[in-house]
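Presented below are the structures under discussion, each in the form of structure tokens.
You will see chain A twice below: alongside chain B first, and alongside chain C after that.
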Partner chain A sequence: MKRAFANPLARLGLALIASILLLALLAPVIAPYDPDAINVKSILLPPSAEHWMGTDGLGRDVFSRMLFGARISLLVGFVAVGIATVIGVVLGAFAGFYRGWVDIIIMRLVDVMLSIPTFFLILAVIAFLDPSIWNIMVVIGLTSWMGVARLVRAEFLSLREREFVLSAQTLGASEVRLIFRHLLPNSLTPIIVSFVLGVASAVLLESGLSFLGLGVQPPQASWGNILTDGKEYIQFAWWLSFFPGLAILLTVLGYNLLGEGLRDALDPRKHP
Partner chain B sequence: MTRYLLKRLFWMVPLLIGISLISFFIMHLAPGDITTTEAGFNPKASEESRQKLRKLYHLDEPILVQYGYWLKRMATLDFGTSFASHQRPVFWERRDAQGNVQKGLIQEALPVTLLINVLSLVLIFVVALPLGVIAALHQNGPPDRIITLFVFVGFAIPGFWLALMLMYWLGVVHGWLPISGLHSLDHDKLGGLAQLVDTARHLVLPVFISALGGLAGISLFVKNGMLDVLRQDYITTARAKGLPEKTVVYRHALRNALLPLITLLGLSIPGLIGGSVIAESLFAIPGMGKLFYDAVLMRDFPVIMGILTIGAVLTLIGNLLADIAYAWADPRVRRGVVH
Partner chain C sequence: MSGARQQARGNGGIGMNGIILAARGLSKTYVQRSGRFGFGTTRVKALDDVNLEVKAGTTLAVVGESGSGKSTLARCLLQLQPLDAGEVLFEGQNLAALSGKALRAARRHLQMVFQDPFASLNPRMKVGDIVAEGLVIHGIGTAEQRRDSVARMLERVGLAAADMEKYPHQFSGGQRQRIGIARALVLEPKLVVCDEPVSALDVSIQAQILLLLKELQQEMGLSYLFISHDLRVVRHIADEVAVMHRGRIIEQGAVADLYAKPRQEYTRILLNSIPGRHRLAT
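And then the complex of A and B:
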């Protein structure tokens, strides 16, 4: 861990994540206005001392909406990746531990899921269900567990052959105990790295879906749908689309920097 | 090689069955059945169109029979006709009752998406290859740092946001580039060369946007590949023989670093096809992505299911081609020494 924070890029990533998380958590305290308060007297005002990021087509304060939007965007990211990680870890652990037919079937499932373009798959599912924040989380989670499954499987396949597993087996440890007490804790590193990187892509995915109008539904603010509002007014109000994009960029950058920094620091091959 | 090919083809069968199962599962996701969902979304859905859906997917039959019909549709690539008022066939052209040929929706959209993807791949390679090599040769030097920054920003920037900003700056404010569609309104009146220039100008922004993620990814991939290869013993041998550094880098190292790129190319196909949704709907380009997006908005289920399946099959074909190319380029693979 110390090595990860010796890396200046990883530190920058952590700082970005921490400040955005803090802003999201403290949104009700920081927000200068009610994010949903419509004010016909202040429509499409440019950024000023009163409205730091201007106002939108309904006169709502963009800065306040950005703060509350951060909560939604991050929540979707974390829950979706949480779902994906649980599915991926369980399936990967089974495949790597039991090998044989279990492994073949699970890995074929991974191949099938990887062969269907993810964005098409997500949109198709949303076409059949209602686009709501919960459906979005579940759908993103159900379509992005394959990477984690492969990682955990590879990790289990190699760990299984190590002496400490043999010794635990000789002492009579049950399969469940072997998986959860011995193998899983030793595969935690790549799981954490892929979780951090996964949040980055889930935030990006959610913003893309909301941008298409198929993600988080208004009036609930998310960075993606603030941007969609901005699309309509781009000729008169650049700030409406500029700030949400910048926020997404910084968030994704933060998670990617931290993820790569952790990966580098925890990779034994790079630090013999 | 034949043995390898046969084995590889055999492995596609379970994948195709898996794809059919997943797409069938999605069709049945909707609470109730898809006929009631459609009615819920679209109050105008008439009794007639509901009957059409029931008939199309045989919803009155037992579930196994339904799946049988779905398999048959997939095998014959017959995805029915669109629910939109033009009622065109989803996949390929067909003669209607009057004997007029109706072009298939996917038939028309697929070449557009392929053109954009091929052009973005060309752009990716032309830019990312030299960037990766330069970064690897100057590891931790200023060029490497600048390229790393570019890679991280490229990964993190939302493509649709950049597209929107570029549309605004280059298209609206300066009027340098057209921002919508594939042709100008007066396209048909232009001469041959002018037509080509017109289409090319329309393609600049969409191709750049679809290439963005790949640019970052492939630069990083080439850099890491080169760093790996440059540490190998045969590179030391080549240098020890007294070969000039240029020969070592470009003939010995780069060629071997590029090998895994073939596989990566195959793996990037679903991302490219899926990524076309945002770029195409933003720039109003009549490709697979926009067709799919419009179908999702209108709940045009035959089109949704058709594109989902065709997209998956295209990915499988792409992966197959990539594996064949890899086996052709690397004798160890086709003789089964390594996988």
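And then the complex of A and C:
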């Protein structure tokens, strides 16, 4: 872990994520205005001392909306990737541990899922369901577990032949014990890295969906639908598109930097 | 042979003419996909009708070049890989017919020491937990009693009781092999399969580990199945030797006889390839 933070880029990523998380957590304390309060006297004001990021077409304070939007975006990111990671680890572990037919069936399922463009699949599914944040989390989770499954399977396949696993088997270890004491703890590193990288793409997906109106529904704020609000006024109210765009960029950048930093630091081949 | 088998089953215990482990007709073929697009298959006979017996309290060495099927033999004897045919009688019980819980229970007295001391210890477990794992699995003793026996075992193999709190990467290859030996022996097994236990170690360390194995054999009344490619090592530790070549055992006999007058041409070639052989010949 120490090595991860020796890398200045990974440190930058961590700092970015920590400050965004902190802002999101403290949103009710920091936000100067009610994020949903409409004020017809202050429509489309540019950034100023009173409204740090200006106001939108309904006179709502953009900074307050950004803070509350961060909560939604990050919540969706974490829960969706959490779901995907659990599914991926379980299926990957089954495939890698039992091999044979179990492996073939699970891996073909992975191939089928990967052959479908995720974003369009999500669009299609959301079109049938209510576009609520819970539905979005579940749908993103159910469509992005394949990478983790492949990773865990590969890890299990190679660990399964290692002598310490054979030794545990000789001692009489049950399958449950083999998996939870020997295989999973030694596959944790790639799982953590893929979790961190996964959050970045889930945040991006949620923003994209909300931007298309299929994600978080107004008046609830998310970075994606603040962007949508902004696109009507983009010619004369740049702040409405600029700040959510910047926030998405920094979040995704932060997670990617941290994820790659962790990968490099935890890769034993790079540090013999 | 069927008579011997019956007798083995009938006695069902250590009695069986002092034979603790008997393997009969072991066969294992690996099928690999080959050729363009993997439509063809190649069959490799790793074990071809292998028969052997280990007498209680003695050491049987299996020697052969790489790829001769030695390691497959070790793994098949311990049921880490399924056999195609044959039976493994351990104290009169056919291990190849067991599975699940019964197999796990039977394994308590049949342990293994592995070749690579760097791959054979779980890097994320403390040494104390590694050595105690077998005791935990078989529900032997209370937590405190387990700690005591682990400490005693570690001291017996030449480490310190305080080493329980350390992780494997803090030890050298020779020390790690001692941990592996402690892990196998803390269960008080009757037979230990040693798969090239010293081939990954420096020559000076090899001698220490071999000596330790010999001492432990006398103290605990162990039987060893010792797998090695190194005939110099084998001469030090074995009572009997089986020579393996292309999945078959081609010659078997007492150490002194086999080294003095090998019957098979292949055995002669193996013996002639020992460096400094003229010094051993006496």
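Note that the second predicted complex is superposed on the first by the 272 of 272 C-alpha atoms of A that agree within 3 Å, B and C clash if a C-alpha of one lies under 4 Å from a C-alpha of the other, contacts with A are read in each partner's own complex, and residues count from 1 in each chain.
Just so it is clear, contacts are C-beta pairs under 8 Å (C-beta built on N, C-alpha and C of every residue); 3 or more make two chains touch, one makes a residue touch a chain.
Keep in mind that what you see is a predicted model, and the values were worked out from it rather than measured.
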*Of chain B and chain C, which one touches more residues of chain A?*
B
*Given the touch rule stated above, what does A:I116 touch, chain B (first), chain C (second), both, or neither?*
first
*asked:* Output check: A:Q169 vs chain B and chain C. Expected answer is one of first, second, both, neither. What do you get?
replied: second
*asked:* So in the superposed three-chain picture, is A:W101 touching just chain B, just chain C, both, or none of them (first/second/both/neither)?
replied: neither
_chain B/chain C common contact set on chain A_ = none
*For chain C, which residues are in contact with chain A within the complex?*
75, 78, 80, 104-105, 107-108, 110-112, 114-116, 119-125, 133-134, 137-138, 180, 183-184, 187
*Can you name the residues of chain A that touch chain C in the complex?*
162-164, 166-174, 177, 181-182, 185-186
*asked:* Quick check on the complex: what are the chain A residues that touch chain B?
replied: 9, 108-109, 111-121, 123-129, 200, 204, 207-208, 211-214, 227, 230-231, 234-235, 238, 241-242, 244-245, 248-250, 252-253, 256-257
*Please name which positions on chain B make contact with chain A in the complex.*
14-15, 18-19, 21-23, 26-27, 29-30, 34, 37, 152-153, 155-162, 164-165, 167-168, 172, 267, 270-271, 273-275, 277-278, 281, 292-293, 295-297, 299, 301, 304-305, 307-308, 311-312, 315-316, 319
